[in-house]
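One chain, subunit A, appears in both complexes that follow, with subunit B as partner in the first and subunit C in the second.
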Partner chain A sequence: MNPTFASIAIAGPEAVLTAGSLLALMLGTYGGGDRALKGLTWVCVLILGIAGLTLLDDPATRQYAFDGLYVADGFSAFLKVLILGSAAASMLLALPYLADVKTGRFEYPVLLMLATLGMCMMVSANDMLSLYIGLELTSLASYVLAAFHRGEARSSEAGLKYFVLGALASGILLYGITLVYGFAGSTGFPVMHAVLGAQAERSLGVLVGLVFIVAGLAFKISAVPFHMWTPDVYEGAPTPVAAFFSAAPKAAALGLLVRVLVGAFGPMQVDWQQIVIFLSVASMGLGAVGAIGQTNVKRLLAYSSIANIGFALVGLAAATPQGIEALLFYTAVYLAMTLGSFLVVLQLRRADGAPVELLSDLSGLSKVRPGLAAALAIFMFSLAGIPPLLGFWPKFAVFQAAVGAGLVPLAIIGFITSVVAAYYYLRLVKVMYFDDAGVAVVSDGGRTNGAMIAAAALFCSPIGMLAITPLVAAAGRAAAALYVITG
Partner chain B sequence: MPILSIMILAPVLSAVLLVALPGMDARRARIIALVTTVVEFALGLIMWSGYENAAAGFQFVEKLPLFAPYLDWHLGIDGIALMLILLSVFLMPLCILASWESVKTRVPEYMAAFLIMESLMIGTFAARDIFLFYLFFEAGLIPMFLIIGIWGGARRIYASYKFFLYTLLGSVLMLVGMLYMVGEAGSTDIGVLSRWNFTPEAQFWLFLAFFASFAVKMPMWPVHTWLPDAHVEAPTAGSVILAGVLLKLGGYGFVRFSLPMFPDASAQLIWLVLALSMVAVVYTSLVALVQNDMKKLIAYSSVAHMAFVTAGLFALNTQGIEGSLVMMLSHGLVSGALFLCVGVVYDRLHTREIGRYGGLADTMPRYALLLLFFTMASVGLPATSGFVAEFLVLLGLYQTSTWATFVMTTGIILGAAYMLWLYRRIAFGSAAGDDTRAMPDLSVREIAILLPITAAVLWMGIYPKSFQAPMKPAIASIVARLDGREMATLPTRMTLTPGLPVNLLPPAAKAAFDMPMAAEPETHR
Partner chain C sequence: MTVAVFSFYLFAVVLITAAVLVITSKNPVHSVLWLIVCFFNAGGLFILLGAEFLAMLLVIVYVGAVAVLFLFVVMMLDIDFATLRRGFLSYLPLGLVVAGVILGEVLFAVGSWVPGRGVMMFDELVSAPDGMTNTQWIGSVLYTRYLFVFQAAGLVLLVSMIGAIVLTHRQRVGTKRQNIGQQVARTPANAVHPAQPGIGQGIDL
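Coming up: the complex of A and B.
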């Protein structure tokens, strides 16, 4: 077969998403515009589903495409399933919100799909250049999404802030790439791995380049100290967009970081391990402390996502296949917890029609809407990592990997920050269950969202523990695939 | 029949029904909860009757690799676990009855929380997988947090947070220790880990990690401060469960993990545990003397009693450990009953202030009689369970450290002082007001709650063998693990020159101070 066609066949999900997003753009422009939002969203979900189907004939071995710019293996397939799933959920959960606040523009699902395409590229990147293309595609779509509420100053501010800081991070990343290119002589990950491995004494320049690359990527996963944009953007962006930001892009950027560090910088493990440990400890700590004073649910969830990234990075800090397995397991469960929490928040509106954003709006929720309150309580206890809820087990897995790698102090620090974090998760439970009803809230939002909440809550509840075995096995296969040539 | 799985899952199913079934009202919720807990008690009795007292090892074992690779659904009980499970299922129906009228809001949720609590307690005692144990151990925080926070008193929110965060912080350190142990031994089976010989260096840190958790749960001085707050703010039945069963988790943890898994560290750190126990028993007894709040007084007395448990366990001999276990059972019954007694008058007068009561011996004679009985049991009057427990603990402790025994005995005297003084203020004298005088005596329901506990306390006091016999093989295996470990030197003899640290003494003096630990004669009661 012609090499180009062979490459396209390997990059099945991306091919489907590219064609699909162009098709959706056409449909939106010529087929009814904003009125067709609902139908278009379902079409986009369908396209995401087809993209997911192309992952089914998952190759047992690693396949390269486009002259080694692109790689498809078990690792990318696992993350793509997560990305496509959470992107589809993010599209659907926005429908009632967009119908209400009159910003229901058809570009919303299309932009989401373009961002998803970028994310799939990110986790399949095998070269610094394809990495950058994927990253920028995701980021540009995200900047627009953050400012999607264009009539509102807060949303525009969020978009602009995100854009300026994101551009800065991209610049830092590019600078790091050029530095490393100078010393490794290639931008391809396997070549970099081989060249860096062969160098007995590495130049300081490579290290500087590594630090810059990690800093640029840390911005995307909002790891401390590159997290500053997160609470502001989450608060300013429309709530469904904040839900999207907290889910799929985090999974993609984490996957990318893992692939770059293990795949390209594997021989420099001693160097990057220290950086990752620092990022992890700082994120867990600041995520836990920063959330304590928050009164806005979205800001609180932003800090929660920072802390969770810190926990996931513990798995990377262990730098073993077991650690990567734990990180992937963590990501999978984290997506369900964070999307579930945002879904509950989205499901509620104050009596005056404004969306619920303040913690105090939720007071006494358990008396008015016991089902929703119970679901949110499950997500909170799960995020806090209290067994037997499912959220405990990924934490358990990453710390088990850390202890296995001899990082006992990291595990101790991590668990102590998880106790601090428990304080603010409990605060939501307290507001819902212990306080008297405050502002009247009404629930709206379609049956789809209700079903998604129920599914996520069931997954995070103790019943979800039955999913541990298959999920961990899948994550284990994905992590093993990553280590095929590098390990 | 997988009786342990049934006992764990049945209350959960019942709880799910309570909150999920449409048209659930308070009356139906109470009845469903009562029926479930009574069935659980019956299952507990069936299990007791099927238990082979003489057999060593674990019985009713079930093992399913449900949650591989992290943990197994692995259950099984020895005599210690059996007794504690029986205590839990015995107290539960009484708790439901005690909340029959006093809880009026959100009854189905309340009952569901208690049923889940019951299932988690049974699970904690029955778990044979170390992470399954941790799961149940920690999960208990959630329902208790909700019970205190939703149905508690005025400062319930503060108390619920303090309870949750305090115990969580203690437990996470233990979890790190567990992760390390499983990494070393390559198995999550508690039985395997109990036979694994960790290096003394590792044991030292592991012991401290587990100690952080169990000491908070116990609670030992100085990390006991969450307990009085939690007790005071919790609803009556919540206090009963807290004092009756949850406090036992700490002692159970020491018996199940610290002693057999870290025998060297246990023997070396005996000074730490005994010192904290000695401080606790004197300090908290003195604090109990000055309390004006009934629940707070009983809460502090619980801390003092738990200090007896730790002191007995770390006597590291058969009598001490056996005494501690009996103490745990006895305290579970007696302090549970005392909280129920407080609940009885609280339901009538809605205050726990001791000064508002008085003269109840005249106005509520039946109540005064039962209260007197439980006061005496708490003090440790012969023929009650408290006496058996205290006697055995002191007997065991005396062989390890006479000084510690001396201090602990003063604790008994102080305990008698504050309990009797409490009784004098409540039951004797004249009523503090007309409303106090107008309180009706015990209702049939309240008598039905207290009488079974009375019977159990007497049974355990007069014929403790029924309860001790199943525990003997388990205790023997723990003592076998501890045999021959080098103990930290303690001031064992009451002389004018109490013992010096061992490394400062010449070998001959060391030999003279060392106490033989092995081969305790099996002649005691």
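Coming up: the complex of A and C.
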């Protein structure tokens, strides 16, 4: 077969998403425009589903395509399932909101799908070139989505802030890539791994390049100290967009970071391990402490996502297959918890029609909407890592991996920050259950969102423990696939 | 000193001087003009490297299109650059510190630089295979080896286009638009209204 066609067959999800996003754009432009938003969204979800189906017949072995620019293996397949799933959820959960605030433009699902395409390219990148292009595709679509609610100054501000800081991070990343290219002589990950492994003493320049690359990628996962944009962007961006930001791009950028560090910089593990440990400790600490004073639910969830990235990075800091497995497990559970929390927030409206944003708006929710309050309580307990709920197990797994790698202090710090973070998660529960009802809250989300909340809550509840065994097995296979040639 | 070395230093010195002037000149229009000087000199450096296609691209695309667009934007936007520049002095020390740190890193990196495997130095640059021009050579890898990133770059451009439309395009009510179909379908029967008014009478329109 022609090598190009063979490559396209290997890159099935990307091919489907490319064709699908172009088709959706045409459908939107010529098939009714903004009035067709609902139908178009379902078409896009269907296309994401088809892209997911192409992952099913993935062989277990690692396959390269496009002259080594692209790689498909168990690791990328696992993350792509997470990315496609949370992107589809992010599309659907926006429908009632967009109809309500009258910015229901048909480009929303199309941009989301293009961002998803970029994320799939990120987790399958096997070369700095494809890494950068995938990252830019995702980022550019995200900037537009953050400013999507263009009539509102806050949303435009969020988009602009995100854009300026994101461009700076991209510049830093590119600078690091050029430095490393100068020393390794290639942008391909396997070659870099081989060259760096063969050098007896590596020069300082590679290290500087590595630091720049990690800094650029840490911005994308909003790890401290590159997190400054997160609360502002989450607060200003439309709530469904904030939900999207907290889910799929985090999984993709984490996967990318793991791929770069293990796949390309594997021989420099001692060097990057310290950086990751610092990022992890700082994110956990600031995520826990920074959220305490917040009164806005979206800002609170932003800090929560920063803290969770810190916990996930504990797995990467361990730098063992077991650690990567724990990281993947953590990411999968985190996606369900964060999307569920945002769904509940989206579901609520104040009596005057304004979306619920303040913590005090939720007071007494248990008396008005007991079901939603119970779901949010489950998500909060789960995010806090209270044992019988699902959120406890991945946290346990990452700490176990850290201890297994001899990083006992890191695990202890993680444990302490997790206790600190429990304070603000539990405060939200207290506001819902023990405070007097302040503002009348009505719920007007669609039936689809209700079903998604129920599914996520069920997954995070103790019943979700049934899913642990298959999930951990899948994460284990994915982590093993990553280490096939590098280990 | 050969002509090549002389022209390299000429282009390099003018390039760097012009680059400094881009960020220091008070008038933004002058900045854009200095930028054009930069692009021309960078094109000259490319020609010295034997990459005449890239040199022409730089001149045609950057000077011909991008810089002119910059010029338009700078002239059309009513930005008071004096107020934007007001904080310049107070931020200068911090900026210099950051610049100094990065300069130090670059010096460390370059100082310890040993070319890695596969990095070609100038004296070992390979020339294009026989019978192939520079342009052909680029094209032959751009559409085969780098097809994936080439297409993906196209998608990035598509996203920026969609983004520009989403964020700025507004449907205004009451604007009169040209409808070519309507214009073509217009016949004398529905455009001309023959009338024969009597003497001293007006026309009912």
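As a convention for this text, the second predicted complex is superposed on the first by the 487 of 487 C-alpha atoms of A that agree within 3 Å, B and C clash if a C-alpha of one lies under 4 Å from a C-alpha of the other, contacts with A are read in each partner's own complex, and residues count from 1 in each chain.
In this section, a contact is a pair of C-beta atoms (placed from the backbone, for glycine too) under 8 Å apart; a residue touches a chain by one contact, two chains touch by 3 or more.
All values reported here derive from a predicted model rather than from experimental measurement.
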{"item": "More subunit A residues in contact [subunit B versus subunit C]", "value": "C"}
{"item": "Contacts of A:204 with subunit B and subunit C, given as first, second, both or neither", "value": "second"}
{"item": "Partner chain in contact with A:387 - subunit B first, subunit C second, else both or neither", "value": "first"}
{"item": "First, second, both or neither for A:433, with subunit B first and subunit C second", "value": "first"}
{"item": "First, second, both or neither for A:466, with subunit B first and subunit C second", "value": "first"}
{"item": "Partner chain in contact with A:400 - subunit B first, subunit C second, else both or neither", "value": "first"}
{"item": "Touched partner set for A:66, first subunit B, second subunit C, both or neither", "value": "second"}
{"item": "Subunit C-contacting residues of subunit A that also contact subunit B", "value": "none"}
{"item": "Subunit C contact footprint on subunit A (complex, rising order)", "value": "4, 7, 11, 18, 21, 25, 65-67, 69-70, 105, 107, 110-111, 114, 117-118, 121, 129-130, 133-134, 136-137, 140-141, 143-144, 147-148, 150, 159, 179, 181-186, 191, 195, 203-205, 208-209"}
{"item": "Contacting residues of subunit B [partner subunit A, same complex]", "value": "19, 66-70, 131, 134-136, 138-139, 141-142, 145-146, 149-150, 156-157, 160-161, 164-165, 168-169, 172-173, 175-176, 179-180, 182-183"}
{"item": "Subunit A-touching residues of subunit C, taken from the complex the two chains share", "value": "105, 108-110, 112-119, 144-149, 151-153, 155-156, 158-160, 162-163, 165-167"}
{"item": "Sites on subunit A touched by subunit B in the complex", "value": "370, 374, 381, 386-388, 392-393, 396-397, 399-400, 403-404, 408, 411-412, 415-416, 418-419, 422-423, 426, 429-430, 433-434, 465-466, 468-469, 472"}
